[in-house]
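Notes for the one structure printed next.
Naming follows writing order (A, B, C, D, E, F, G, H, I, J, K, L, M and N), and every chain is counted from residue 1.
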Amino acid sequence: MDSTTTIAVASIIMAGLTTAIGSIGPAFAEGRAVAQALSSIAQQPDSSNTITRTLFVGLAMIESTAIYCFVVSMILLFANPFWNHLTQ
Amino acid sequence: MDSTTTIAVASIIMAGLTTAIGSIGPAFAEGRAVAQALSSIAQQPDSSNTITRTLFVGLAMIESTAIYCFVVSMILLFANPFWNHLTQ
Amino acid sequence: MDSTTTIAVASIIMAGLTTAIGSIGPAFAEGRAVAQALSSIAQQPDSSNTITRTLFVGLAMIESTAIYCFVVSMILLFANPFWNHLTQ
Amino acid sequence: MDSTTTIAVASIIMAGLTTAIGSIGPAFAEGRAVAQALSSIAQQPDSSNTITRTLFVGLAMIESTAIYCFVVSMILLFANPFWNHLTQ
Amino acid sequence: MDSTTTIAVASIIMAGLTTAIGSIGPAFAEGRAVAQALSSIAQQPDSSNTITRTLFVGLAMIESTAIYCFVVSMILLFANPFWNHLTQ
Amino acid sequence: MDSTTTIAVASIIMAGLTTAIGSIGPAFAEGRAVAQALSSIAQQPDSSNTITRTLFVGLAMIESTAIYCFVVSMILLFANPFWNHLTQ
Amino acid sequence: MDSTTTIAVASIIMAGLTTAIGSIGPAFAEGRAVAQALSSIAQQPDSSNTITRTLFVGLAMIESTAIYCFVVSMILLFANPFWNHLTQ
Amino acid sequence: MDSTTTIAVASIIMAGLTTAIGSIGPAFAEGRAVAQALSSIAQQPDSSNTITRTLFVGLAMIESTAIYCFVVSMILLFANPFWNHLTQ
Amino acid sequence: MDSTTTIAVASIIMAGLTTAIGSIGPAFAEGRAVAQALSSIAQQPDSSNTITRTLFVGLAMIESTAIYCFVVSMILLFANPFWNHLTQ
Amino acid sequence: MDSTTTIAVASIIMAGLTTAIGSIGPAFAEGRAVAQALSSIAQQPDSSNTITRTLFVGLAMIESTAIYCFVVSMILLFANPFWNHLTQ
Amino acid sequence: MDSTTTIAVASIIMAGLTTAIGSIGPAFAEGRAVAQALSSIAQQPDSSNTITRTLFVGLAMIESTAIYCFVVSMILLFANPFWNHLTQ
Amino acid sequence: MDSTTTIAVASIIMAGLTTAIGSIGPAFAEGRAVAQALSSIAQQPDSSNTITRTLFVGLAMIESTAIYCFVVSMILLFANPFWNHLTQ
Amino acid sequence: MDSTTTIAVASIIMAGLTTAIGSIGPAFAEGRAVAQALSSIAQQPDSSNTITRTLFVGLAMIESTAIYCFVVSMILLFANPFWNHLTQ
Amino acid sequence: MDSTTTIAVASIIMAGLTTAIGSIGPAFAEGRAVAQALSSIAQQPDSSNTITRTLFVGLAMIESTAIYCFVVSMILLFANPFWNHLTQ
């Protein structure tokens, strides 16, 4: 394989793997947070506002790690510095 | 293998693996959230509206990580920048 | 192996693996949700309507990730863009 | 190996693996759902009709992911598009 | 290895593996269901008829995934379409 | 290696592995069922007849998956169709 | 390696592995059953006869899967059909 | 592969893997912390201010390990000292 | 490697592995049974005779799987049929 | 590959892996400590000062192991003694 | 490698691995038994004699599996039949 | 690769891996100890001095294993006896 | 590699691995026993003498498996029979 | 690679791995013991002297397995008998 193909293959593989692995942790964590939020609302319906607000802040923090992975994946596909170096 | 075949094979493998791995985390997480929602409704039937609403927001957040994977998978199959570079 | 065979083999392997791996997560998640639904009905028979309705919405969400995998698998078998590019 | 043999071997391997892996998740999930159904009937014998009905709907949903795998497996063995392309 | 041997070896390996892997999930699931049935009978002896009936329906559903694996295994050994194509 | 040796080696390896892997699931499952049966008898001595009968039916179902594996293993050793094809 | 050596090595490896892997599941399962039997006797000393009898039947069922593995192992060492075919 | 390509491929692979693996731990940890915060608010609504404040400090500490990974990933892509040494 | 060496190496490796793997399951199982026996004696000192007797029968059953492994290991080292075939 | 490239590739791989693996343990541990701190504050609001102080000391200790990893990673990228030995 | 070296290397590797793997199971099992013994003594100080005696019998049974491994390891190092066959 | 490069690569890889693996255990252990300390303070605020003191002694013991790893890592990078033997 | 080097390398690798793997099981087991001893002392301070004595006997038994591993490791490094055979 | 380099590389790899793997078990075990000690002090403040003393004896026992690993690691780096044999 020549250089261009090798880099393209490595980018394709990592773009997929990064997004795939990066979806496991956040999905589990969000599932746990949402499940606990539902349990807490059932236990203390009067605090549902505070609970919902804290939940959304937490989901945003957790989602951020998924987004790091998606961003790296998009960089590898569409703004790959090594690919640009070779093809330009 | 020539360059075109190598990139095609890598794209096929990652398109499948990304969607497959990306379905594990969200599925588990949604199962957990739905199960807890059902438990909370049974425990506090009066709050079923709040619970259902929070559940749907949470499911949307969790599903988003599955959709990231599906989107990367579709990009690799139908809008692959490296494939387009070689075949155009 | 020539290009056609390589792509066919990769497509066959990923079509199987994607559906197989993609059945683990949703199956577990649906099992959990159904089990909790049954437990909730036994605990609060009066809310069985709300519980059943929420269960079905949840099962639909979880099944969707299994369907993403099945769709990718069918695309690889019957609408594979790389195979079509080579054989047409 | 020539092309025909390679594709045959890949199809045989994936036909077996897909069905085998695809039996793990649904079997566990059905076991969980059935176990919980039995527990719920023992806890609330009066709701055994609702429980049994919800159980059967749930088992059908879970079994569907096992059937996806079995279908892909049968397609690979008896309606393999790549095999047909080569041998016809 | 010539084509006939390769396909025979692949068929032997997958026939064994498919049945072996396919026995893990259903066995665990049936063990769980039976254990819960016994626990439920001890807890509610009066419902032992309903419990036993639901148990048998559930065991049949779970056993079906084991039978899918056994069927694929037998097809690979005694009705292998690729083997027939080569040896006939 | 010639064809006969290759098929013999594959048959030996799978005959062992199939029985070995196929003993894990059923053993665990039977252990669980027996343990729960003992616990149920201790909890409800009056139902020991129903419990023992349900246990034996369940053990038979679970043992069946172990027997599938043993049968495949014996077929590979003593009634192997591919071996017979070559040596006869 | 010639054919005789290859088959001897495969038989040695599988004879060991089959017995080794086949001891894990039954050992765990018997440990679980015995532990639960002891717990049940302590809980209900009057039923110690029924418990002991059910335990021994259960242990016999579980031990049978270990014996399947031991039998396959002995067949591979002392009554190997492929070895006999070559050396006789 | 020449030196430039090798380093580019290693950088691409590690940039993806580092971010992907680095998202698992923090995501789980944040999910756990958020879930416990929601549970604590439901248990002690009067302390929701202290709980929220401690939660945010903790999330910042946990997120820092995810950011270490993202920073190393960005260094490998855009400020790689070994790549600069070779290409400048 | 000549035939004698190959068989000797395979026998050495499997003799060690079989005993090693075969010690894991029984050790865990005996630990569980002993621990439960101690717990049961503390709970019901009057039944210590029945408990001790059942424990010893159970330990003998569990130890038997460890002894199967040790026996296979000794056969491979000191009564190996394949080694005897070659060196005699 | 020449010496310079080999060392560069090894440094890149370990710089990424060290930070990535090193983020798993501390993240989990901090999540556990923070979650328990929130639970303790909810349980004993009067001791929130002591709890917060102990939490911060503990987080500093845990973070130190993450920082060891980050430091080794930075040394490998920017102060690598073996790289300096070769390129100077 | 000549025959002597190969057998020596295999013996060294298995001597170490057998003892190492063989220490995991018994150590865990003894830890569990000892922990439960301490718990039982604290719960029923009057039965400490029976508990200690049963504990020692149990530890001897568990230690026996560790000793099997150690014995095989010593045989491989100092009384290896295959090594003696070649060097004598 | 010449000797110098090989030793440099091995040192780089182990320096990273040792610190990375060595951060997992201590981090988890410290997280557990800190979490339990917070729980104990909440449960018995009067003993917070004894608890904090015992916690710090324990953290020092646990941290020592992380420091062993870091020390070995630094020795491999900056005081490697094998590297010094070759380059001096 | 000549014979001397091969045996030296195998001895080095197994000396390290045997001690390393052999420290996992005993460490966990001792941690469990010590933790339970502390819990038992807190629960029954009057029996602290019996508990401490039983704990020390148990720790000695558990430590013995770690010492087996250390002894094998030292034999491989300083009294290796195969090394002595070749170098003397 | 010549003999000196091979032995140096093996020693470097095992020195790192032994310390790294050897830190996991003791760290977890010490974390467990310390956590339980803190819990016991909170539960029975009057026995804090006995608890602390037993804890320190236990930590010394556990730390000893970590020290075995560290000692083997130092022997491999600075007193390696095989290295000395070749370089002296």
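Annotations for the structure displayed:
By our rule, a contact is a pair of C-beta atoms (placed from the backbone, for glycine too) under 8 Å apart; a residue touches a chain by one contact, two chains touch by 3 or more.
Protein names from UniProt, one per chain: A, B, C, D, E, F, G, H, I, J, K, L, M, N = ATP synthase subunit c.
Every value quoted in this text rests on a predicted model; they were computed, and no experiment measured them.
Under the contact definition, chain E (ATP synthase subunit c) and chain H (ATP synthase subunit c) share no contacting chain.
With angles rounded to a multiple of 5, the C-alpha fit of chain A (ATP synthase subunit c) against chain M (ATP synthase subunit c) returns 130 degrees of rotation. Different-residue interface: chain M (ATP synthase subunit c) and chain N (ATP synthase subunit c) share under half of the residue numbers found at their contact. The geometric centre of chain I (ATP synthase subunit c) is 37 Å away from that of chain L (ATP synthase subunit c), both derived from CA atoms. Averaged Cα coordinates give chain J (ATP synthase subunit c) a centre that lies 11 Å from the centre of chain L (ATP synthase subunit c). Touching of two or more other chains is recorded for residues 1, 11, 13, 15, 17, 20-22, 24-26, 28-33, 35-37, 39, 41, 43, 55, 59, 66, 73 of chain M (ATP synthase subunit c). Judged by the touch criterion defined above, the protein chains form a single closed ring in which each chain touches exactly two others. The cyclic arrangement of chains, read from chain D (ATP synthase subunit c) in the direction of chain E (ATP synthase subunit c), is D, E, F, G, I, K, M, N, L, J, H, A, B, C. Residues of chain H (ATP synthase subunit c) touching chain J (ATP synthase subunit c) in their complex: 1, 3, 6-7, 10-11, 13-15, 17-18, 20-22, 24-26, 28-33, 35-37, 39-41, 43-44, 46-47, 50-51, 54-55, 57-59, 61-62, 64-66, 68-69, 72-73, 75-76, 80-82, 85-86.
Residues of chain J (ATP synthase subunit c) that touch chain H (ATP synthase subunit c) in their complex: 1-2, 4-5, 8-9, 11-13, 15-17, 19-39, 41-43, 45, 48, 52, 55-56, 59, 63, 66, 69-70, 73, 77-78, 83, 87.
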